[in-house]
Amino acid sequence: VKLLVINPNISDSVTSLIQAEAERSASAGTQLTMLTAPFGVAYIETRFEALIGAFAVAQLAAAHHVGHDAVIIAAFGDPGLGGLREALPVPVLGLTESALASACLLGHRFSIIAISQRIQAWYREVVEANGLIGRLASIRALDRPLASIGNVQDEHAQGLRTLCERAVAEDGAEVIILAGAPLAGLARSLRGQLPVPVVDGVSSAVKHAESLVALAPGKAMHGSFAPPPAKPNRGLPDAIARLLGGNRLKA
Amino acid sequence: VKLLVINPNISDSVTSLIQAEAERSASAGTQLTMLTAPFGVAYIETRFEALIGAFAVAQLAAAHHVGHDAVIIAAFGDPGLGGLREALPVPVLGLTESALASACLLGHRFSIIAISQRIQAWYREVVEANGLIGRLASIRALDRPLASIGNVQDEHAQGLRTLCERAVAEDGAEVIILAGAPLAGLARSLRGQLPVPVVDGVSSAVKHAESLVALAPGKAMHGSFAPPPAKPNRGLPDAIARLLGGNRLKA
Amino acid sequence: VKLLVINPNISDSVTSLIQAEAERSASAGTQLTMLTAPFGVAYIETRFEALIGAFAVAQLAAAHHVGHDAVIIAAFGDPGLGGLREALPVPVLGLTESALASACLLGHRFSIIAISQRIQAWYREVVEANGLIGRLASIRALDRPLASIGNVQDEHAQGLRTLCERAVAEDGAEVIILAGAPLAGLARSLRGQLPVPVVDGVSSAVKHAESLVALAPGKAMHGSFAPPPAKPNRGLPDAIARLLGGNRLKA
Amino acid sequence: VKLLVINPNISDSVTSLIQAEAERSASAGTQLTMLTAPFGVAYIETRFEALIGAFAVAQLAAAHHVGHDAVIIAAFGDPGLGGLREALPVPVLGLTESALASACLLGHRFSIIAISQRIQAWYREVVEANGLIGRLASIRALDRPLASIGNVQDEHAQGLRTLCERAVAEDGAEVIILAGAPLAGLARSLRGQLPVPVVDGVSSAVKHAESLVALAPGKAMHGSFAPPPAKPNRGLPDAIARLLGGNRLKA
Amino acid sequence: VKLLVINPNISDSVTSLIQAEAERSASAGTQLTMLTAPFGVAYIETRFEALIGAFAVAQLAAAHHVGHDAVIIAAFGDPGLGGLREALPVPVLGLTESALASACLLGHRFSIIAISQRIQAWYREVVEANGLIGRLASIRALDRPLASIGNVQDEHAQGLRTLCERAVAEDGAEVIILAGAPLAGLARSLRGQLPVPVVDGVSSAVKHAESLVALAPGKAMHGSFAPPPAKPNRGLPDAIARLLGGNRLKA
Amino acid sequence: VKLLVINPNISDSVTSLIQAEAERSASAGTQLTMLTAPFGVAYIETRFEALIGAFAVAQLAAAHHVGHDAVIIAAFGDPGLGGLREALPVPVLGLTESALASACLLGHRFSIIAISQRIQAWYREVVEANGLIGRLASIRALDRPLASIGNVQDEHAQGLRTLCERAVAEDGAEVIILAGAPLAGLARSLRGQLPVPVVDGVSSAVKHAESLVALAPGKAMHGSFAPPPAKPNRGLPDAIARLLGGNRLKA
């Protein structure tokens, strides 16, 4: 199984965290291709940044998906997920959706632990868009500045653990989701230290990607996840234009 | 009042339709700046195309919003709306959200009339994202190919009217929303010919934009619609980079 | 544009507040007719009082709507709104519905700030009836007695502002709705002092009424907002009986 | 147990239907007082008519509740129910709410059979207001004119039965609710002829009223169903003014 | 009216509490048959224990329902309710469902007071399964160990009352539901001491059972509450096998 | 990875279908232990039969889980799932929940194809209990008798395929779930023949079980999925009593 894993942020340090956890999670035969967004921001906390990340992911996925069995959008919030699910011939997974799938198999209500206050409302909307708001116990987030996005886990180890514990004790969380690529691997580190199951997006996405490849459920050729119909387009990056087909108009 | 109206599609013919209806709808003192996406597709029907349109809108809005009192994203589905609402200092409106606001003031349940079968699932998700799925009576759509996106209203006049009538008679629609910029102006043409109120996105957006400018409710400086926090970024179009602030890293 | 603005309460002091804010909000060509309920209570906090206010509004609207382009029911909670929307030939707007429409164009989740503890449950039900409970961040209310209903804004200035700030900081409000006719004008006073957009019902209703008149979406002649079917009636106030048509039976 | 049963419509023929079914349903020791609205319409199909009926019920209940153990608002749609539950010292029940309570004890999803097309949207909103829209399988209604409101059951016997059967076969109804006072007694007549349990509002309300009297759960003295706080009022019918207390201002 | 009341737990002391309250609640002509589960746990707090209790109830109900007019499953959480409603020819009621029906007739939002922290999540799921989560104000529970399940009311009298008061004051409860058979009778004891109506499951179930018997709505013979279709079975307790019919295979 | 797969029905032919598909789906190193319920019915279509199946599964799982890494309840509808998730020290998966998790990773709205009309309402409730009713496009089912439960796929091949196609064309299904153990393997057979992705429960459960074992998220030791607290019990099957711990009372 060959997985294309795309970090929609420009942070190589986060890509390294993602890669490390993806490698630990992957089955023996699974190969990973890692890509980092060539443009965008250091980490996505807002809808506007997600919009940019979605376009960066789309370009990378369009250019590099050939030869891979599935694509993982490696940012919580899943920028570009719905669109790429339409356009690519292989399964596409996001960190949020994957973590939610894991969580739903482990308990009824889950809490999401995030790295910034700002990011919470957007995460909530993503859970709503997944139709799972009724199972969201809470979102809790760090409330202090992040010195380095690649080092959040260490710098805020105690704070993150406290958030998890309060989600269980006060919010009724039956599962904890550690959200965001910068927390990749933390679920593994916390194993056995929390009173409820804990999952993260990267490991979940890798396992579910492998599963979808094995299940081979087929690509939608009808309905809203079929490839977009060919139509005139203009000025698009080459890879995207090739993916879309259709008549390329002069700029 | 100066409104910046951005067509996220590349179709000048649709921009003309939008402009014509916007001018008919605007109050005496309102001035319109019309922009058409320099890259993208002829018209957006899918999540993937919306992702592209969102980025095109973001670039245009970032580059041209100065001097305007509000920005209108002139495609149904509102590509880029949430993000731009964060990033711009002025109100930002989309056609869907605006038409929904009008419809909610006229009845309890509404139907959306669309120009293609494919577009329906995406529209449904947008209504869900607006939290209004409980008031959606139905979405009905043309099921025949469109010869010309700029001429849908004329070519399919009877079909569109039949869809409206069936939404009222069979689905319980108390208000009709004519969806999509290519239908701009049709609500006006159908005035008095349908058994329930009918609204469209362009005229609704123009009126609500004028209202928001008059109400002057203020820009969010806290919470999830505050401007994105400044942070390192790389490779962004100049206008977007300026809007975001933060440290521009070398590519 | 001629607007009929009806205060469903008997308080002339509140009618004055409504009028002042309505005049400040209205466009140049808009004329206002103000009416105060001839019977009822000083201000509506309960379902029972709303029932009375609805009947008072119905009588006034039936008697005075001719010659107006739209009718505004100027109490939060919108007593009588659904019924009058059926019965009158022109658009009818309520303060809650109008404020919700404004808020939905400014953010995803909103909080409502109210003047009494008692009123909160009823407001919540009105938001539910509008299908928007999923976007309600919270309702917060003053918890001290009101010395004078016409002077709440001044008397409780600091308390109201504190409620707004807590709704943003603790409840995730992205927009603030100042609820209740006694707070008419407060949104304008607080401009620039709150960290998120703030709207009120009176100014929203005036602007949306003007918009609906301009959009001219048409009156429902079919479905549940068509005029009630003519049928035998008895003992109704003359204006209501004329509006309903049908055979008037002897008392 | 003494029950005050108020028909919010002016139709004595419907009051007779209600009374007959209420007497058949009542336990041995239960006494009924029947009242018919002195003003209003022949039967309520719309929100506007419900607004009138609510005020009529309020007046009658205020004037006549003393000496009764519970009050039944004998129209489907429950006009005035929430308000009177606040204002009266005894339990108040409506036909819709009572039928829903019965239905929920008999199956998961129910259908409502109504006597006119027009009435359906309003009934749907009442089910929504009861928080039970997720259990509503369908609303089906007669689509032919009613020659006489007191004779609907006989005139449309076959049509009503067909609606019931289709609700079961096509909509998945596990319980049938026969809606509207004009159908009082029909559930009893259809006993054993339908493939699922069938309930109506009048018999349900009588039984549940007796139960609430026996359970004696107490009157709310706090929260939103406590009596409305005393405050200045003006121009109210004497009985309502007495019920509200507060200072009566001169007209 | 003959009611079969089954305690799904093995605690005779709780059966006595149930019986005492059921007798106090029953009408003059009502006869009660009390049964205690021959296997299971002392009291049900978890889904796993409910699964066991459901099977115990099924056996007892299958063996003993003949000659009764209705069956009451006398544990909050209603183990086995849906299944027995299909299989038995008479109405079947649970404590939760019955208390919810009572509460819905008394106010819009209710709180549930429970005897253990652990039990809360399960109760919440039962309210969700009843489709009433939108009306749940809160669940509050004792947080101290129970010395004796038959003596909770006395041992924790003050704690339970405090929970009720906080539910009203802090959560907006308009009705209180005292949950769990061990609290049977407490609602009666607290009469007049709480600021909102208070109901419990046992008394509610007895009254609603009497009502359903009187209403005689009929047994479902079609749809999902019809008796299970006869089919091969094996190894079932005799009473269950007889109830199911079908071909009994050799073990 | 060692998986314990339990068929809650007594049909060996269905166990064989489950086993065949489980073996085809399992990764190289995965070992399967297959068990068939020693008591119960031929196949579960109703809540009552599910109640029986849940108890049978509980006994088998209690007796045989030791030495396995995860347990699969191999009937759609997931009888006993919540309870066993509490009681067992390893992950427990059901077919419905697993198929839903797969479907949610492939599209937004899904349809369920079932083998009998009767089973639909129950499946709907299970989707509701999973909090995913908002994503359910439809449930469609065969409407003809099943000659042999082990041979449904062949006997009704064309009928099943037609149901799938109609779900896509008429209901907007973006993913198809083939429901019920008797359809195990059909998704594999239909690969490439349907216009949207298709999944089934058995293969999904096997893959997700392997994933959960790999992710090792930990067992809940707090909250509602912790093991049930030890308490007095009586008359339980030995394996269940051992699992529960607590004081065993004499029968």
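By written order: A, B, C, D, E and F. Residues from 1 in each chain.
Methods note: contacts are C-beta pairs under 8 Å (C-beta built on N, C-alpha and C of every residue); 3 or more make two chains touch, one makes a residue touch a chain.
All values reported here derive from a predicted model rather than from experimental measurement.
**Student:** With chain centres set to the mean of the C-alpha atoms, which chain is at the far end from chain D?
**Tutor:** Most remote chain from chain D, centroid-wise, comes out as A.
**Student:** So using the touch definition from the top, which pair is joined by more C-beta contacts, D-E or A-C?
**Tutor:** Of the two interfaces, D-E and A-C, more C-beta pairs touch across D-E.
**Student:** Rounded to the nearest whole Å, what is the centre-to-centre distance of chain B and chain E, using the mean of the C-alpha atoms as each centre?
**Tutor:** Distance between chain centres: 51 Å.
**Student:** What whole-number Å value describes the gap between the mean CA coordinates of chain C and chain E?
**Tutor:** 43
**Student:** In chain E, which residues are in touch with two or more of the other chains?
**Tutor:** 82, 85, 108, 120-121, 125, 128, 134, 172, 174, 223-224, 226
**Student:** Taking the top-of-page definition of touch, could you list the pairs of chains it picks out?
**Tutor:** By the stated definition, chains touch in these pairs: A-B, A-C, A-E, A-F, B-C, B-D, B-F, C-D, C-E, D-E, D-F, E-F.
**Student:** Going by the contact rule at the top, pick out the chain C residues touching chain A in the complex.
**Tutor:** 108-109, 134, 172, 174
**Student:** State the interface residues of chain D toward chain C in the complex, per the touch definition above.
**Tutor:** Per the touch definition, chain D meets chain C at residues 10, 38-43, 45-52, 54-55, 58, 80, 82-87, 118, 120-122, 125, 128-129, 131, 223-224, 226, 228-229, 231-236, 240, 244, 246, 249, 251.
**Student:** Quick check: in the complex, which residue numbers of chain E touch chain A?
**Tutor:** 120-121, 125, 128, 133
**Student:** Note which residues of chain A are touching chain F in the complex, please.
**Tutor:** Residues in contact with chain F: 25, 27, 82, 85, 91, 93, 97-98, 100-102, 104-108, 130-132, 134-135, 168-169, 172-175, 187, 191-192, 194-199, 203-204, 207-208, 210-212, 214-226.
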